[in-house]
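Below you'll find the structure, written out as structure tokens, and then a few comments.
Letters A, B, C, D, E and F name the chains as they come in the text, with residue numbers starting at 1 for each one.
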Amino acid sequence: MSISQAYQRIKSLKVQGARNIAIFGLDTIADFINRKNWKKKDKFLLDLERAITRLKSARPTEPGLRNALNYVLKQAKKGEDAEECKKLAIEAYKAMKKDIKESLKKLVSVGVRRIPDDGVIFTHCHSSTVTAILKEAWKEGKRFKVITTETRPKFQGRVTAKELAKVGIPVIHIVDSAARFYMNDADLVLVGGDAVTADGFLINKIGTSQIMLVAKEARTMASAAVETFKFDPGTLAGNWEPIEMRDPKEVWENPPKGVKVLNPAFDMTPPNYIDFMITDVGIVHPYEARTVILDKWFREGEQ
Amino acid sequence: MSISQAYQRIKSLKVQGARNIAIFGLDTIADFINRKNWKKKDKFLLDLERAITRLKSARPTEPGLRNALNYVLKQAKKGEDAEECKKLAIEAYKAMKKDIKESLKKLVSVGVRRIPDDGVIFTHCHSSTVTAILKEAWKEGKRFKVITTETRPKFQGRVTAKELAKVGIPVIHIVDSAARFYMNDADLVLVGGDAVTADGFLINKIGTSQIMLVAKEARTMASAAVETFKFDPGTLAGNWEPIEMRDPKEVWENPPKGVKVLNPAFDMTPPNYIDFMITDVGIVHPYEARTVILDKWFREGEQ
Amino acid sequence: MSISQAYQRIKSLKVQGARNIAIFGLDTIADFINRKNWKKKDKFLLDLERAITRLKSARPTEPGLRNALNYVLKQAKKGEDAEECKKLAIEAYKAMKKDIKESLKKLVSVGVRRIPDDGVIFTHCHSSTVTAILKEAWKEGKRFKVITTETRPKFQGRVTAKELAKVGIPVIHIVDSAARFYMNDADLVLVGGDAVTADGFLINKIGTSQIMLVAKEARTMASAAVETFKFDPGTLAGNWEPIEMRDPKEVWENPPKGVKVLNPAFDMTPPNYIDFMITDVGIVHPYEARTVILDKWFREGEQ
Amino acid sequence: MSISQAYQRIKSLKVQGARNIAIFGLDTIADFINRKNWKKKDKFLLDLERAITRLKSARPTEPGLRNALNYVLKQAKKGEDAEECKKLAIEAYKAMKKDIKESLKKLVSVGVRRIPDDGVIFTHCHSSTVTAILKEAWKEGKRFKVITTETRPKFQGRVTAKELAKVGIPVIHIVDSAARFYMNDADLVLVGGDAVTADGFLINKIGTSQIMLVAKEARTMASAAVETFKFDPGTLAGNWEPIEMRDPKEVWENPPKGVKVLNPAFDMTPPNYIDFMITDVGIVHPYEARTVILDKWFREGEQ
Amino acid sequence: MSISQAYQRIKSLKVQGARNIAIFGLDTIADFINRKNWKKKDKFLLDLERAITRLKSARPTEPGLRNALNYVLKQAKKGEDAEECKKLAIEAYKAMKKDIKESLKKLVSVGVRRIPDDGVIFTHCHSSTVTAILKEAWKEGKRFKVITTETRPKFQGRVTAKELAKVGIPVIHIVDSAARFYMNDADLVLVGGDAVTADGFLINKIGTSQIMLVAKEARTMASAAVETFKFDPGTLAGNWEPIEMRDPKEVWENPPKGVKVLNPAFDMTPPNYIDFMITDVGIVHPYEARTVILDKWFREGEQ
Amino acid sequence: MSISQAYQRIKSLKVQGARNIAIFGLDTIADFINRKNWKKKDKFLLDLERAITRLKSARPTEPGLRNALNYVLKQAKKGEDAEECKKLAIEAYKAMKKDIKESLKKLVSVGVRRIPDDGVIFTHCHSSTVTAILKEAWKEGKRFKVITTETRPKFQGRVTAKELAKVGIPVIHIVDSAARFYMNDADLVLVGGDAVTADGFLINKIGTSQIMLVAKEARTMASAAVETFKFDPGTLAGNWEPIEMRDPKEVWENPPKGVKVLNPAFDMTPPNYIDFMITDVGIVHPYEARTVILDKWFREGEQ
């Protein structure tokens, strides 16, 4: 698939979920690298950077994709000539892909321990990481209920509800506005995450931050399951995570004249509204996000 | 229209809005009283009570309707014979209807003074009281923007957006989950209300209480516009305001097996999340709700 | 019984509970008045005031007693001669006693409506007002559990536990320190009260204020059941409710040298930690305490 | 002493205090290892693991004991044959014992610097770590008062009061419920700790978390003195610290029928209610607990 | 003195303090009324209204002055002819003046009871009401310290410091920015007030609201001493209390180009940051401000 | 310049700003070392320590100066003889000076990314680090306004206002007490810092902590720009950062008798009131201060 086609698939949400997008992006780039033979190092690196920049721009708020592709480029640049650069890039591609695939398994083994038996878990939107934890905990014999929000405008909460109900987990489904109405019934809020910044903010589906605030108000434990490949090294240098503004038509097909529809896809939850994060390196409090980023992207032999 | 037909119209939301429902209920009862001649006082009061009980049950959370009809019954009971009872009932009907109609005008004159010029007002759902204030303020020359939430599951926020845009007020329209994302841009939250309890809780459309919490978190002034005929005397005696659970199909037409959809129509905002209420007797803090109830329903010559 | 004997019985906790103490004090004073014939108005009022002052000093923090006796004195002073003073005093005595007795019944009818069916109620110490509400609610068919704290140093919480268990109410009994551990399981905190000040502070058994704080932290509804005869008119004039310091030996029989044991019997809960109060005049928020005091002691024809 | 006897001594509280229990457990295991000659590595490790598992089960909430014994087992497993395994186990035993003994001294030297001269310190229960800091600070010439809670149900607060009074420190002793009453008089809350989790929760005697909340409410500095050998590596993997439920009879010898007594020995204080922790590696905020755990148990050459 | 001269004296701060300004304004109007004989009722009322409007405009945020003059006008309008109008105006003038004068005495008798013996009181700016309370409490034998802020830009805190030191009260004087540094040492914050709104906001010298917030954060009791003639009836109808913006030169004589100096004279403290208000009708919580306004200006025989 | 002269220049604020003071102190010490030839190692180290101790005492709250000089001494002590000690001291001097100079550049590149375009930044006092960020952001084309407080008693806020206005940045200048009045208009609070403790407290100009509290109350992002050489290693061992009490005459030249003026130069902001810190090693949350201290002063090859 060409870079442009891949860009379109990501942009149009044909590929969805931070994990899937990152792997799809990596595969696209590996394909791109393998398809051609470069003679000159400079030319190869220039072409690679362009392809990567293009792919990253498909979704502004996808640090998983961004981090993975940046890592491939960074490693490629260490080569002496075109051939070595290419080799290093492919090695980096394999390492990242392995990391992304294995991280889920590790994360799930941590997460299941935090699922309360006979409890009620509150979740928002659809996160394959969250459903993986819940389904594994259910398989291991824990019994619980899950409250899902519908998650306007795209109703991804219905996907969560279906997926959980299918394996027998009892689900209560509500509108997003009813979060505070039912929060006192929940024992744990568990959401996914698209990114974590160096100062501990969680970027996740619009509505997450008010659910976390509502959990705080009710002294309900609030957590997020996020793989470390989503911890954004760019925020260490001061960048803010950009927030993608999506098509207003997702919210209202034909709004009347004079009505401007705004459709931010994500919001930022401050670290003090989160009790813990479930990651592939164990339980982490968001205030330690910077240390996780340093360990992940800078310290450990550059991965 | 028969009591049964009226009951159906209210239940199916053909008549909507606390004010409209109360007036519709009053008119139905007046019609019922005028249609027949009772000989016996006891029989008249029995029939009247049955009709009123039936009408009230159409919407559990409609203290405006309930308060108005209860008042008619209470006055009717003071008569010596059927004729006098009927006369007193009709007088009470007229008094209540006048009160409901005039209360809006008084309330609006108070409310417009609280609309900040060049400010941003955040509202939720559709409240004819709120739109009346905003349209009057606009007419008097104040300039401001309004943020409206779509208000799932029935999208009443679109009604608000349309109504305001029609008179030229600039509207920003968002999903309910984006309230916290935009709250720092707002100068005032202004919502309507279906009931106020003796201990100061505001009953309003599901989602209101989390918007008010989000306003509190951001030090944005939070207010509600509520006519005093909605201040519920029953709560003084300890009753909680019942919360209507509506048809799950409003939320999800065909949920999969194992998914239970819950659809509460209202929630309760605690008084400390509200800075002031705009009423027909002026600015009132919800902590004074009990005094308002005593003045309205018990002290002033029984109205 | 002589004033001195009565004083001793109150001081030594032979008579306990705000209601019982007030009635016992009233009966003692009625007895005192009836035992003798005064000729001179001045002498009568002087003797009466002395007796009342003595009785009131038996428990510094008992506004119920204080309010009742002050009312008798105030009414007595309106007489022209000794005989009329005496007559007015006896009338006042009867009115107060009736008020105290009837207030419980009225309060209970309000309170039962606030007991959640299938809920968990958290209480502290022993309050006959609270147990009356709970037993009545149980009798009317509501089903719930009650968490009782042991209430050091006098273990009055065991009295509550026994009394409730006797009628079949399931009781969970914990040390005072475990309040926060179990608060998330409770739907309602319900305590009694010894006094309410004009600015809305609740004076109740030591430990109440931290339980109410813990309830606030967990968004658990917090309430107090207090008869209006305990709303202290003296605080309107700026007085603080005095806090009785009891015998250190209640806490530790023989503390080692160098250890000073302090044993305050009550603490003050600020009004914003209380959601509502259940009283004989209905649901009242503590922020309306001043209005209740004015209505009770000053406005309504001086009772 | 046999493993069973040692188990009994720990279970029955004959050995008390996290530090004492850990050392006692270590000594028991060393004794166990030295008593016999194993030929086969597998058999030795099996026996060792059984003995350790048995000992750990004596108190569910004792990560100090658990961490120390786990470390011995982990090191033992690195040997090639039975002899080397044994040797490594004994070396690990000595290292852990030294660490536990020295950690107190290091911690105290940090802690004394945080004791305010002419201040008031509030403590709960009995912690030999806390009393060591206070006595050392007093010895160095600092002057202060200490408020001790009695700490139901076992009155360990009396032990603290006696121990401090003995060296001349003025002590004020109160019931647990009076914490909020006296908190505004305190400059520093200082408690001990049984465990710290990877997400920063402090596990300590029941009642600690509400005292810390009360300190937060009053802007009183809140701290805990905890040696790093109590920082629980198991929580990194997602486990919750188990909370020991002790014999109800400690609370109420003969509760009436229908009254269920619950007696949790510990509670969890969230990290944001703690200003700092005093440890053997210096001042640590609980939000850095994960880093401390990694440094202690995983990074530094496996100790 | 002419209306214009009086206007100038108020505007230039030659007359200062809400009480002094109100009395000065009343005297000016009485003088104005007495100076001339009007024949026509209409002409008299027109002239009176113009004079009053002019005087009120001298200080936008002075509800004491505004309320007093509005009352005179309102009473005057009840007359049948010019003579009677004049007579009623003079009677109203006398009543208001008496009220203002006597209110201080009543308020002080309430306030002294709230001054803690051996405590530390924190105040801001200069309020003659506050210093009257403190001096009276000192005279009655209470002993305490007072912390005064300097109160930029006009340093009125120095006036307070001098006045209190003169009678022997020990004073600690700090910059406004040090409020949080010293708040934990204070037992009570006591400030004056220029106005109270129907929804309970206190309008007082700039800086008051952040001091009250700082008191809340430290669980230090926060109070304000405000006479009821400053409770603003205009806010009942929805008006906000206007905030006077004073001359930037008070802050910075010659700011450089590009620097805009803003000098608001007052700020608004929300009612939940205030524990009680000391008034001439006793202790009042700001949430009851509306009731006080109704009692003062509308109910009690129109004063 | 002699040590005494340098001491005087620092003490009298002739040299100001943490960075300038640290560099000035380093230069003074280098000068001192170079001026003389020591024969004996012991004598050299003794003289060096005395000189350093003297210089450090000029400003108690200047960890930048203290940390830099301590580092020179620590390195000097590693030499074998006087000559080597001297050489190592000079090398350490150069390294520290380079670090201090380069840290600003790195920090600014991080900070500019956090300046919101079209936003309002609120700052306090004068920090050359903060103005460097703001001026660089302006130069790069971002457009914003800055609110500066005057910062009593020394009016350093005017220096900030002048410096920013000079390069064209629009400035709004207010008294310190008006922080809460304008906080809702700000998008970001950005202050400098004199020290950061191991437990995350920020030491900065008096008033900072209440501004940060006011920012928290309004959900305005709050940040501090602090170079890592100001992160105080001494606090790791339990020391509190001392707070310098300056000359009362800076506040009030001639206070009346009985008025004690207190003039603390700094206050402590707790870590939970700060959203992020901008440093030369990137974005850091104050809860990670201990890790930064370990990395800076102990781990990385001792710098």
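We take it that contacts are C-beta pairs under 8 Å (C-beta built on N, C-alpha and C of every residue); 3 or more make two chains touch, one makes a residue touch a chain.
Because the structure is a prediction, the values reported are computed rather than measured.
Where touching is counted per the definition, the chains common to subunit C and subunit D are A, E.
Listed candidates were C-D, D-E or A-F; the one reproducing the B-F interface, defined as more than half of contact pairs identical by residue number, is D-E.
For this pair, subunit C with subunit E, the centres built from the Cα atoms lie 38 Å apart. Look at where the CA atoms of subunit E average out and do the same for subunit F: the two points lie 42 Å apart.
Each of the following residues of subunit C touches two or more other chains: 217, 272, 287-288, 291. Here the touching chains pair up as A-B, A-C, A-D, A-F, B-C, B-E, B-F, C-D, C-E, D-E, D-F, E-F.
Across the complex, subunit C meets subunit A through its residues 183-184, 217-220. Remark: subunit B residues 148, 150-153, 158, 161-162, 165-166, 168-182, 205-207, 209-210, 213-214, 217, 251-252, 255-264, 267 touch subunit A in the complex.
Of all residues in subunit C, those touching subunit E in their complex are 197-200, 235-240, 270-272, 287-291.
On the subunit B side of its complex with subunit E, the touching residues are 109-114, 272, 275-276, 278, 282-285, 287-288, 291.
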